[in-house]
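Naming follows writing order (A, B, C and D), and every chain is counted from residue 1.
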Amino acid sequence: MNTLSTYLIIAALLFGLGLLGVLQRRNLIGMLISIELMLNGANINFMAFNRFLAPEPAVGQIITLFVMGLAAAEAAIGLSIILALFRKFRSINVERAQQMRG
Amino acid sequence: MTSMEMAHFPILTAILMSTVLGLIVIMFIPDGRDKLVKQVSLVFSGIGLILCLWLYHAYDVEKGGLQFVERTLWVKSLGIYWFMGVDGINLPMLLLTAVVLFTGVLTMWELENRVKEFFAFTFLLVAGVYGVFMSMDLFWIFVWYDVSLFPMYPLIAIWGGTRKEYGGMKLTLYLLAGSVLILPGIIYLWAEGGAHTFDLFELARGGFSPQVQNIAFLMLYLGFGVLAGVWPFHTWSPVGHVAAPTAVSMIHAGVLMKLGAYGILRLGMTLCPEGLVYWADLMALLATVGIVYGAFVGLAQTDLKYVIGYSSVSHMGIVGLGLSTMTVNGINGAVFQMFAHGVMTALFFSAVGYIYDKTHTKMIPDLGGLSKTMPVASAFFIIAAFAGIGVPCMASFWAELLVFISAVQTYPVRGIFAVLGLVVSALFMLRVVMSTFYGEKNERWAHIPDVPMSLATPRIILVGVIVFFGLFPRMILDVIQSAVIPFVSSL
Amino acid sequence: MMKWVLFIPELYYVLMAVVFFALSLQRKSEPRRLYTWAVILSGVGVLVAVLSARLEGMVFFDAYRVDLYSQVFKLLLALGTFWVVLTCSELEGIDSRQHAEFYLFTFICTLGMMMLVSAVELLTIYISVELSSYCLYLLVAMRRKTDEFAETGIKYFMVGSTASGFMVFGISYLFGMTHTTYVAELMKVLPGMMTEPAAIVGLVLALSGFFFKQALFPFHIWAPDVYQGAANQVTTYIATASKMAAAAIVIRFVGFSGGESAVFIKLLVVLSILSMTFGNLVAIIQKDIKRLLAYSSIAHAGYMMIGILSMTQRGYASAIYYALAYLIMNFACFMVILKIADDGHNLKIKELAGLHKRSPLLAMTLMLGLFGLAGIPPTVGFTGKFLVFAAALEQGYLTLVIIGMINATISLYYYLIVIKAAYLLEPVNPYPPVRVDKWTKSLAIFLVIAMVYVGIFPDQFVALTEAAARSLFI
Amino acid sequence: MSWLFKDPVLLAAVLCTWLPFLSMAVILIFTRHKPQLSSYISIGAVSTSLICALYLLIKLVHVGEPVEYRTAWLIADDIIIPFGYLFDPLSLLMLLIVAVISFLVQVYSLGYMAGDPGFSRYYAFQSLFAWAMMDMVIAPGMLQLYIFWELVGLASYLLIGFYYEKWSAGQAGKKAFVMTRLGDIGFFLGLILLVLGFGDLGIVAMNEAAQAQAIPSYLITASALLIFCGVIGKSAQFPLLTWLPDAMEGPTPVSALLHSATMVAAGVYMFSRIFPFFAASPTAMAIALAIGTITMLLSSTMAMATYDIKQVWAYSTVSQLGFMVMGLAAGGYFAGVFHLTTHAGFKALLFLCSGVFIHEYHSNDMRDIGKGGGRSLKIPMVCMTVGALALSGVFPFSGFFSKEAIMGVLAAYPNKIWLLAGLLGALMTAYYSFRLIFMILFPKKVDATMPHDAVHYHQEKDDKIQIDHEEAAAGHGAAHGHGSSHGHEEGHGNVFWYMAWPLIILTTITLVLGFFQHSLEGFLLGHAADAHGGEGGHGAGHYALLIAAVSMGLAGIAWAYYEFGRKGASQEGFLARLPKTQALFANRWYIDRFLRRFLDRAIYGGLTNVFTRNDRRVIDGGIDGFCLFTIGSGRLFSFLQSGMLQYNLLVMVAAVGLVVLYFVV
């Protein structure tokens, strides 16, 4: 069980679920969380590769830490924009935002 | 050649600069000084004309070959050169351009709407035309080619007549669509050439494999063929001409269409002689269809400019036929025809231009009996019509004679059909002349004055050129031949 | 110690960011003074970029590389930023209280992108990308309360984050395959692995993050909405400066494959064709000029890709040249738009009517810019296309080039529609005259000259881009 | 230019041929608004030409070998087109004919055209014609001949359509040009064939090579037949004969000059020019003979059915041209040329006489002229009768001699059917000429109820134009005030005498020319005349023929007298009793209708229509359709960019997924 491919599959699943969430959730917060899921999928990849393959043990972990940090910043920005949208539409449903097209 | 480079006064650049400088000077003239704009245009086009005449005079026919060469490296990594020169093929074309520009400026003397911009665009266009004719570098030929095309859009769309926006858009898109094939064709040859140079003659010296030549020639032929009005890519011609203002029609039909044929000759045939052999049959066929078809369709038109547009299709077919024969006389005739047709159509359009300016119609049924009101204006049109029919002692006669002789020799059946096309073209020209100018005096136009002397001048110049080269064809043919004979022997 | 000299442009932009951070803390907002300072500082920024153009070296444990390639792009970035700032004299699209923040984010974003073009380590690249992206998310959402701002912001954010998710995921595979995060080593190892699906998937996913910045099909979906919805100046910034960074990083990443994988190249060919065709076709029916330019930028990403995918030094050089050309032309168009819509509204094509009378100079600038975008000589846009096509044909992509030319012709149609509006249509109701101050005038003249000069005297520029492309592989 | 003055012959030739051109240019450019001056310039030029032509004739009359000058007009690879002069008896003779007739007609026109608003233009065109015709006549090579041949056609077009306000004039001009053009295409192709097959288009070279059998016979036959097409067009032979009668829309002097004496004779002249070449191909000669005969008979019948005085002479011209072609094709070189010469004189005379009548009575209809008192114009009446007698071949007028010459040749031809046709033609010729003479001389008092089919139309039109004419004349200060005076020679002054003198001169020529037959023959055939055994002369065996021919002419006159001349004659002619035949004749055997229908159906209705539709619908429509398709697909693709965020994302993900799938699988 404790092989590289297990982790890779889990990571891919996580990534896939996140993607599905982004595509399917109509709630903006839900979408935001789904994006975090995708990033976490990548994180697991980094860790797994680091653990099983990489000669330098620290690199993958460092990257993961950075990704986590950036994800937090991303979430903050995302939330602030969602807030602005909410103030305008009184809703956080993504379907409210489809005026521009074509 | 290298040691001789740039040793002399760069006359070709000077000719080119006469238009570029004219353009710049015009742009700096303050708004509202329309008269000044026209005078400046006249001066600069006059300088160009004088330089071209001098060039024509100074060209050494005995020596032949490329003269007045200017060659400097332009872009090193691609092998692009600022390479200009004249030989017997482009020299008449330069003269043609200068004459048509000069007369075109004079023709537009009464323009009142947005004068400055009009002349600026016109000069830009002509700079492109000069550039194409002078350059011997593929890159520059293409650059100037496009430069000469895109000002057509504003020129037609702003100052044009019937359906100007549609016509301008159609013409511009159509013509630039031609470069869809030209540009890849040029670069393709460069890439295949090994030497990585855009120098026309170096590329030609290098040679290409037959397969490359077949592909490249077809691309160049079709690409330039659009501008040369090759059937079935000709429909922009009538539509565009109808829409364009007088001087633009003159320059466009008179000079610009020649760029297409010139491109086929200069690029396609020089670089891909085997491709030419491979496709010559098709060329001859399309050209013959164009000659006959243009004349027949011209028979049914009721708009003067449509008629001229279709006559251009027919006449440019003669050029194409001449080129496709691959004989000295065929190409002689084709180049001569390019010149002759240029002057002739310029005259046509300037004559129609005056009529249209005054009557605001160019529908044949509306006009009728115009000779009575404006005999001089009518006379110009009629003279042009005769030149178009191929009446002897007018320049185009000789051209057609040479083309037909070699066409009948090379492609007997197609040649005979093309010759028979002459009857139809006579029929349709005369039909137009008759319905427009003969008949009872038309009271509707009775108040219109005839062409004043100032506006007659450019037309008289054009008639003079037609008759001069009609009476003394050697003045031009010797020059053309000095380039064509070596060219054909190298095929 | 001397190594810090290499980092001077970035440091300078950090400094600028600090200055404007301080200014943004002020309660009272003085847009004019902010503008003056921003212009001066970013002008000096261009100077700094020019001065540091010949620097070479590595810093930060070889994660950061300063060479001609990066410095050329930094110069382009600095130039683009400076131009954008220069046009902010009427920053009506953004609340005047937020002007300081606007400049702050602009400079930080530039900083991020400068880092991006120098970064030669995957993590550094990722961080730089995110740094610039976050600034852009905020800039886009900063538009004064029009209907679109929130929608635009959220769309941009969501698409951008998803794309960066792709990118990180792809990078993780690259890391897994090659066990390294250094570009130099990646370039040695990766070409040999291009037969393995995981490597290709990793590369493609990683590239998708950059394609997103470049707005290449199918990662273009944000572009039309953001161009339309963001404040005009922000759009200008996205369309010009940010495109430079995207081009730089895409060139670097595509170079990873070393041209070894036919499949990968085929993929790029397909993307390039789709991008050109889609962009041009949809642009035909647009009414809003910024939206039209958005679609045109999608198409241009495709043209640029033609140069990149030839995978030769000439190809990369041509793409760099194309980027330069695109910067000048696109900026020229946007500058005209900014000046005409000086109250910050979105400009419709028909509002250009009568421009030739309202301001002949701007009309001419617009015309040359649009002809440049359409690839008509003697503008720089033509020379760019020419170089790109030459590079591709050298590798034998004849069909691709012909498709590119067909697209150029299609694009000409809608550019001509805009030109028609500017030169031909007479306005139904007279629009107010366009205020063209001295700076704008000289900028316009400069742009016109630049567009023509770089177009017909390309020799030194081509030599420069080739040198830059060479330094990519040393 | 010194080369020019060293050789007086060359100088004379250049002056002779290029002065008219100069005068045309001067008139068109400078003196357009000074009609008198223009006419003087033109007449001055043409009289100089006449003098030069005479000088050349005298100077070169005894030079046995042809004198040739040539310079390269055009050098194109292996084709050299010379411009130059070839003086041999034939060209000298023809040059003189052209110069004389041009001169006379121009003088005549001073009166006839007086006061016309297009006076200057008229003289410019006349000069153009003179220039082109003279240069054609003395062309040393076929290409030069062809070139000026075309220019002559141009001049003819311009002069026919001189009254451009008149629709029918324009139509007639167009018809003339296009029909001759049709023939010229054949001519042109023939020349091309010859150039490609033989290489030299010099007339002397061609003739010599043909005689020496240096050219393959199939080439001769093919090119001769093609070249003969040119003759058919220009000399109005069957089936392209109908343009000539219509060409009478031009001013009468023009009809006299171009469409009887000189231009239409160009075809015959060209035939005789390369006679040895034609003679080398029996097939071509036989076909030419047949065509000439058909033409002669058909047009004679047409002449019997018309009442338009000019039309009669026009048909007669066609018929006489056919007769000349017959003579030449039967091998009678001298006979044909001689008839050409005499015909030029008397036909010009006939036209000019008719012109006087038309000018005075403002009508082309012989009945109107007769009723108006045509007989009172004594000089024209007498002259016209002389002309008609010559035309009918009555001794001692010139026509008699030349007709006899041709008859002699025909009689020598093995197949006698051509001779019979010739005799029949002579009968008809005499009949219709004197039908006209008698109708004018002895007008019928009571208006007859004639069927007025085709004739009527022309008459009305002509009335109209004549009236216009008069108004214009009245409005013109320089007019000589002839408008109101009718019928009395004394009251006419200058104008009349401008017109009368040429008539008198021509009459004299007609009277005396016939007696120069033998000297002419000697001149034309040179020393070879003896060898030929005097082909045109009448041996003892030919007296029967002579009598037969003359009696045919006299019979025709008598017949006409019976029907039109004698007191109480019905003046209806036998044709009135054969309505169908009359309709056939009057409608020109329906040739016109056939051509018209062909033009309408096949050209306008058929090809033109098809091509135009194809152009508009298929080619242009296809392109427009393609553009619309492009725009439409733009609209279609824009659905990918719907406003909804997640839909867009889906598109993106789907695209990436597809790509990944493609690579993984």
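To be clear about the criterion, a contact is a pair of C-beta atoms (placed from the backbone, for glycine too) under 8 Å apart; a residue touches a chain by one contact, two chains touch by 3 or more.
No experiment lies behind these values; they were computed from the predicted model shown.
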Legend entry - Identity of the most central chain, Cα criterion: B
Legend entry - Chain pair showing more contacts of the two, B-D and B-C: B-D
Legend entry - Separation of mean Cα positions, chain D and chain B [Å, integer]: 37
Inset, instruction - Find the geometric centre of each of chain B and chain C from their Cα atoms only, then give the gap between the two centres in Å, rounded to an integer. - result: 41
Inset, instruction - Starting from the mean Cα coordinates of chain A and chain C, work out the distance between those two points in Å. - result: 26
Inset, instruction - Using mean C-alpha positions as chain centres, tell me how far chain A is from chain B in Å, no decimals. - result: 64
Legend entry - Multi-partner residues of chain A (at least 2 other chains): 19, 22, 94, 97-100, 102
Legend entry - Residues of chain B engaged with two or more neighbouring chains: 173
Inset, instruction - Would you please write down the residue numbers of chain C that are in contact with two or more other chains? - result: 154-155, 158, 162, 166, 224-225, 282, 285, 413
Inset, instruction - Identify every two-chain combination in which the chains touch. - result: A-C, A-D, B-C, B-D, C-D
Inset, instruction - Going by the contact rule at the top, pick out the chain C residues touching chain D in the complex. - result: 154-155, 158-159, 162, 166, 197, 200-201, 204-205, 208, 217-219, 221, 224-225, 263, 267, 270, 278, 280-285, 410, 413
Legend entry - Of chain C, residues touching chain B in the complex: 314, 317, 356, 371, 376-378, 382, 386-387, 389-390, 393-394, 396, 398, 401-402, 405-406, 408-409, 412-413, 416, 419-420, 423-424, 456, 458-459, 462-463, 466
Legend entry - chain C-facing residues of chain D, complex: 627, 630-631, 633-635, 637-638, 640-641, 643, 645, 648-649, 651-652, 655-656, 659-660, 662-664
Legend entry - Contact footprint of chain B on chain D as seen in their complex: 72-79, 143, 146-148, 150-151, 154, 157, 161, 164-167, 169-171, 173-174, 177-178, 181-182, 185, 188-189, 192-193, 195-196, 603-604, 607-609, 611-612, 615, 619-620, 623, 627
Inset, instruction - Would you pull the chain B residues touching chain C in the complex into a rising list? - result: 74-78, 114, 117, 139, 142-144, 146-147, 150, 153-154, 157-158, 165, 169, 172-173, 176-177, 179-181, 183-184, 187-188, 190-191, 215
